[in-house]
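In the two complexes that follow, subunit A is the common piece, with subunit B as its partner first and subunit C second.
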Partner chain A sequence: MNDFLLIRKNLFRKKLRAILMIVSILVAFAIFGVLAAFERAFNAGEEVSEADRLVVVNKINFTQPLPIAYFNRVAAVEGVRQVTFANWFGGYYQDPKNFTVVMAVEPESYLKLISTEYAFTPEMTEAFVRNRTGALVGEQLAAKWGWKVGDRIPISSSIFSQKNGSTAWDVTIVGIFGKNKPQADTTLMLIQYAYFDETRSFGKDTIGWLVLKTASPALNDQVAKSIDGMFANSPYETATDTEKAFNKAFVAQLGNIALIVQLVVGAAFVTILMIVGNTMVMAIRERTREIAVLKTLGFSGGRVLRLVLGETLLLALIGGTAGLLLAWLATRAMSQSLGNFIPGLSLSPGIVAAAIGFMVLLGLATGLVPALNAFRLRIADGMGRG
Partner chain B sequence: MLRQVLAVTRINLASIPQRFWLSLSTVVAVGLVVMVLLSFLSMAAGFRRTLASSGADDVAIALRAGARAEVNSVIGRDQVRLLEDAPGLVRDAQGKPVSSAELYLVVDGIKRSSQTKANLPLRGIGEQGAAVRQGIRITGGRMFAPGSNEVVVGKSLLREFEGFELGRTVRLASGNWTVVGIFEADGSVFESEIWADLPVVQSLFNRNNVFQTMRMRLTGPDALTQLVAYNDGDPRLKLEVKSEKDYFADQSSETSDLIQKLGWPLAIAMALGALAGALNTMYSSVASRSVEIATLRAIGFGGFPAFVGTLVESLLLAAIGGVLGALFAWLIFDGFSASTLGASFTQVVFSFRLTPGLIGQGIALALVVGLIGGLLPAIRAARMPIVQGLQG
Partner chain C sequence: MSDLPLVRLAGVSKGFVKGKDAITIFDKLDLAIPAGDFVAVMGPSGSGKSTLLNLLGGIDRPDTGEVQVAGSRIDALSEGELSAWRAAHIGFVFQFYNLMPMLTAAQNVELPLLLTRLGKADRRRHVETALTIVNLADRAKHYPREMSGGQQQRVAIARAIVSDPELLLCDEPTGDLDRTSADEILGMLKALNRDLGKTIVMVTHDPAAARYARRTLHLDKGHFEEKELAA
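Then we have the complex of A and B:
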């Protein structure tokens, strides 16, 4: 009889008790998996951001406009390798409730700059550049509405209106693009800035923000300083920051999501630590006489200690793995229903690794006290008790 | 029978200290479940209340159709004039309506807790801007003087964001502004805003003759219908006109629904974990008292007292957990100030609110855990064969 068999038999000796402990561990790890996936999805912007990318926005706030002339002026700044700009459209499809991310962009420079995260084919790039009323649509957004290349659709704006009074712009889908990074979000639409700017009733010749690539991340600070310095004391002052810092600050506006996740996961783990820890102490105490018998048979204290720790580890691994599996199923189901609101919801290898680490810690922590009790047990005492 | 039940229940409760750690873990587990649930529910309730207290029934708001939020809306000077002539508005002695055409812009502030930039609303209000809202009180300093670069800030904004203390100079757009007053607004969303004189904001932000929303005080309950009919009948208007109360109710529902939709499933999942713990504790309780139970049965006690005794023990542990959880939730979360991004893309400051109704929901969840956790072990206690029990 090997030790593993002994551990397994011990664990499932009282089936109901073992199953109840497994359920409580399962619940805690399912909560951990789902919440960690949520937190990661919220921080996705920070993860996909590139080290050499800077964002230039109006110093008052990023919702305030900048003059389009800044595009050429920033392009001329030393250390700037590529630059492009975009304008927020405030898009929706058919009903204002169907909020849709639509950006009016300068086609050539924009596609070139974001081609690290999105997969644009040369054909769709060419079609987008050539077709003034063309639109490129991300895979997930196209799938949501069943759009195909060639479809002509009206896309409405909750902010802008056309000179003719209409609040919808007709665009033709010239390409549907995928992504190069797993965390990139493809629920967006790109339309031509030129078409948008000529037809809108106000705000002409202004843009929302500029995105640029520096020659090297080491130049980031210097480039940011020269850009902000160039526009200081003008009616449109700028604030230039790395894309990463910009995204991070934006997520922080929603609230302290990381803290909420930590508190809930912490509460769940304290619960199982107490339940499983106490149950294991009790379970081993019930077995005092058996442990004394094992020792009489020549099992060393160390081996008995390993048996008990093995039992709690096995328990944590069974419950934890089942919990992770459940979290995986749950995030998959949720990423379909919440895809538009929170894109990129999934269990990453990092989350799985952290969970396995927690399982081992949990197994050791809950087994420590009973294992030491068993280790220290003297045969005479053990035979006398129970 | 009743005496038997009472006697067994007393034995049950008196034996809790023998399983102190296990019982404590049930209490703590249930307590934590209730705390997590109440933290989410009080967050949702606080957010909803802040927006609900912002909207008045007798104030109408006009936005561009499809705008959904003030920040997106655009209204022209002509439309403002047309609305000023609308029926159903309260008017002063000169016949001028009590109304305020406003500009709603987003500016940067620094959030105290995270030291990151956050979107704050700067509202340019007309002469009647304060009068068209209820409960506006200047609590420090004074109101801004018309035509000047002065602002007043809401007291919630001051609490959560840096740089807007009384007397401070703030650079917004191409001008320096002085904070001359702090105002209160019945805990509404306006307390998270910066207010300045409309014409000054229009000129310094290059938005001459542009407005975003128009608020109008209504004469009575039927006035809104008249106003809506007037708006719909004029092709130059075609705006979206609704009561301010409805406008804010729409804005609150999405966020508070989302918080609740996160809170309940999390609490129920955690309750399942706690339930497993409660079942474990109660089965152990029954097992450790099997000799006692069998002895009582042997001397003529029925199965029912054993059933009740076990169930009461479980319910009591859960109730203690529930009450402790609610108490800690109240101590930690009630009145806790937080802010998040609202529908207008700006920060809304709100305080967590733990109402008696929510506490009731939390304790109900705790009792459900206690009930289910006690039921099965109680049945086992009642059905235990005497001989087997006596053997231990």
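Then we have the complex of A and C:
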């Protein structure tokens, strides 16, 4: 026998009570795991953003277009080192439910600008630049549909149509790219803007947004002001911000995910803290005499305190680990069905580490009062003697 | 039995405050119990029998005076030092056994040994020896709920002697038992005193139980009166 056996035996002396407490904690950590995975997935764009990158969108809303002529004018602004543009395609494959991130881009400048997060080989870059109907596909997307280089596939748009009335564009896969940053999403497809623009039935010579790299992050404010000032009072006024702020604003369209996570998890934790804390106080109070006996045998106050804290820690770790396991299974299942909408949905090591930290905190917080009570207990009082 | 006192109380006073009244339990109490003695302490309710055991076991402290047990001035020890001292020198036997219900007999007996540096194998050997002494070796894996009151008290005695303490403090050890079981327990305590030389201080209300002791001290109004010596 050792202290751990004593802790375990004490914890499970009333099995139903222990199981109910474990289930409460399990539910809290399952909610935490899933919501944190969602938050991380939503904020992945923010994490991969570069400090010297700015995004220029229509001031009304980022879904409104900008004239393609802005590309050259922005490139000429002092402090701008590189610039590119993209247009949201609103893509899907075969069926509208197979939502796919497709962007029509200017090949050369776009690949150059995002090469920090994506791994483009010189061969695939050259093939994409030279082939107007060529497409580059992220490895996760290619793996999902079993696509390989050379495949010709129809990719449809839920927004645009061709002049001939078709909503599908035939593209040839000229490369499958990986990533340079772990948070980067490879469930996207890039097609040539020129091919898209010359065939679409409306919106010709407009683009969705510009992305640019400044000579230094210190110039960001100055460059942003110059660009927005240049287009002020025009039919297409711009709003220029850092890529991080842009991605954050994009996520904010879906609501404040972080706030939702904090509120839901916070509410669950406080509720469970009260339930488990109260139950543990009662459980230890029921054992007052036994604690006094332990002290009589020579167990010090500190050791008794550790035994009680060990009990609540064990409880939190069992329930929390089971909850995380459930969250892992849930996010795995959801990433298969929601992978196209929310790429990168998974329990990251950071989430697991945070959860373990919360388990320890929960264990200590729920055990603190009963442990201190046990620590302070006078043997004579515990034995029922005056 | 040695002439050297294992237990010595010198000028011990102890009282408590109840409402506005200060109640005195002992006033300058002196006591000496030699090593190897078996003393029964009797007295009316409220005479301070349990308080005396608490003082001897380092559970309570005197207001004034000295308490010396097994060579230590325990009234001067800190709480932490008292815990370690109790683990090394004192074995307790309670009226209601006070076994841990979720532990087997062997695990209950092993509890005090968790406070020693003994390895697993040595602990197991000590537990087997203690359970053999109280004739419960075959019940090692039984839980308290699976045993009679007498058997549970024998487990409690095994727990009290497993770390080989010099002094056994027994608080009404037969108070919750029928006569047969009580005699069995008292016979066992007598054997521990006679054969293993354990010094025993036993609080009891039962004159029949007191007859198993070598001598009986009557505690009344804060003073001892030695009334009889057992055979």
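The rule is short, and it goes like this: the second predicted complex is superposed on the first by the 368 of 386 C-alpha atoms of A that agree within 3 Å, B and C clash if a C-alpha of one lies under 4 Å from a C-alpha of the other, contacts with A are read in each partner's own complex, and residues count from 1 in each chain.
The criterion applied here is as follows: contacts are C-beta pairs under 8 Å (C-beta built on N, C-alpha and C of every residue); 3 or more make two chains touch, one makes a residue touch a chain.
Just so it is clear, the structure is predicted and the values come from calculations on it, not from any experiment.
By the touch criterion defined above, A:G90 lies against subunit B but remains apart from subunit C after alignment on the C-alpha atoms of chain A.
Of the two partner chains, subunit C is the only one that A:T296 touches; subunit B does not reach it. Applying the stated contact rule after C-alpha superposition, one finds that A:A249 touches subunit B and leaves subunit C untouched. Within the superposed three-chain model, A:A380 lies in touch with subunit C and out of touch with subunit B [touch as defined at top].
By the touch criterion stated above, A:D3 is placed in contact with subunit C alone, subunit B being left untouched. Of the two partners, subunit B and subunit C, it is B that touches more residues of subunit A.
Contact residues on subunit C toward subunit A in their complex (touch as defined above): 16, 50-51, 54, 57, 59-60, 79-80, 83-88, 92, 94, 98, 100-103, 107, 110-112, 114-115, 123, 159.
Of all residues in subunit B, only 21-22, 24-26, 28-29, 32-33, 35-36, 39, 64-69, 71-72, 74, 105-108, 111, 113-114, 116-119, 172-174, 205-206, 210, 266, 269-270, 272-274, 276-277, 279-280, 283-284, 338-341, 345, 347 touch subunit A in the complex they form.
Residues of subunit A touching subunit C in their complex: 1-3, 5-6, 9-10, 12-13, 289-290, 293-302, 379-380, 383, 385-386.
Those residues of subunit A that touch subunit B in the shared complex are 16-17, 20-21, 23-24, 27-28, 30-31, 59-61, 63-64, 90, 92, 96, 156, 158-159, 161, 167, 202, 235, 239, 248-249, 252-256, 263-264, 267-268, 270-272, 274-275, 277-279, 281-282.
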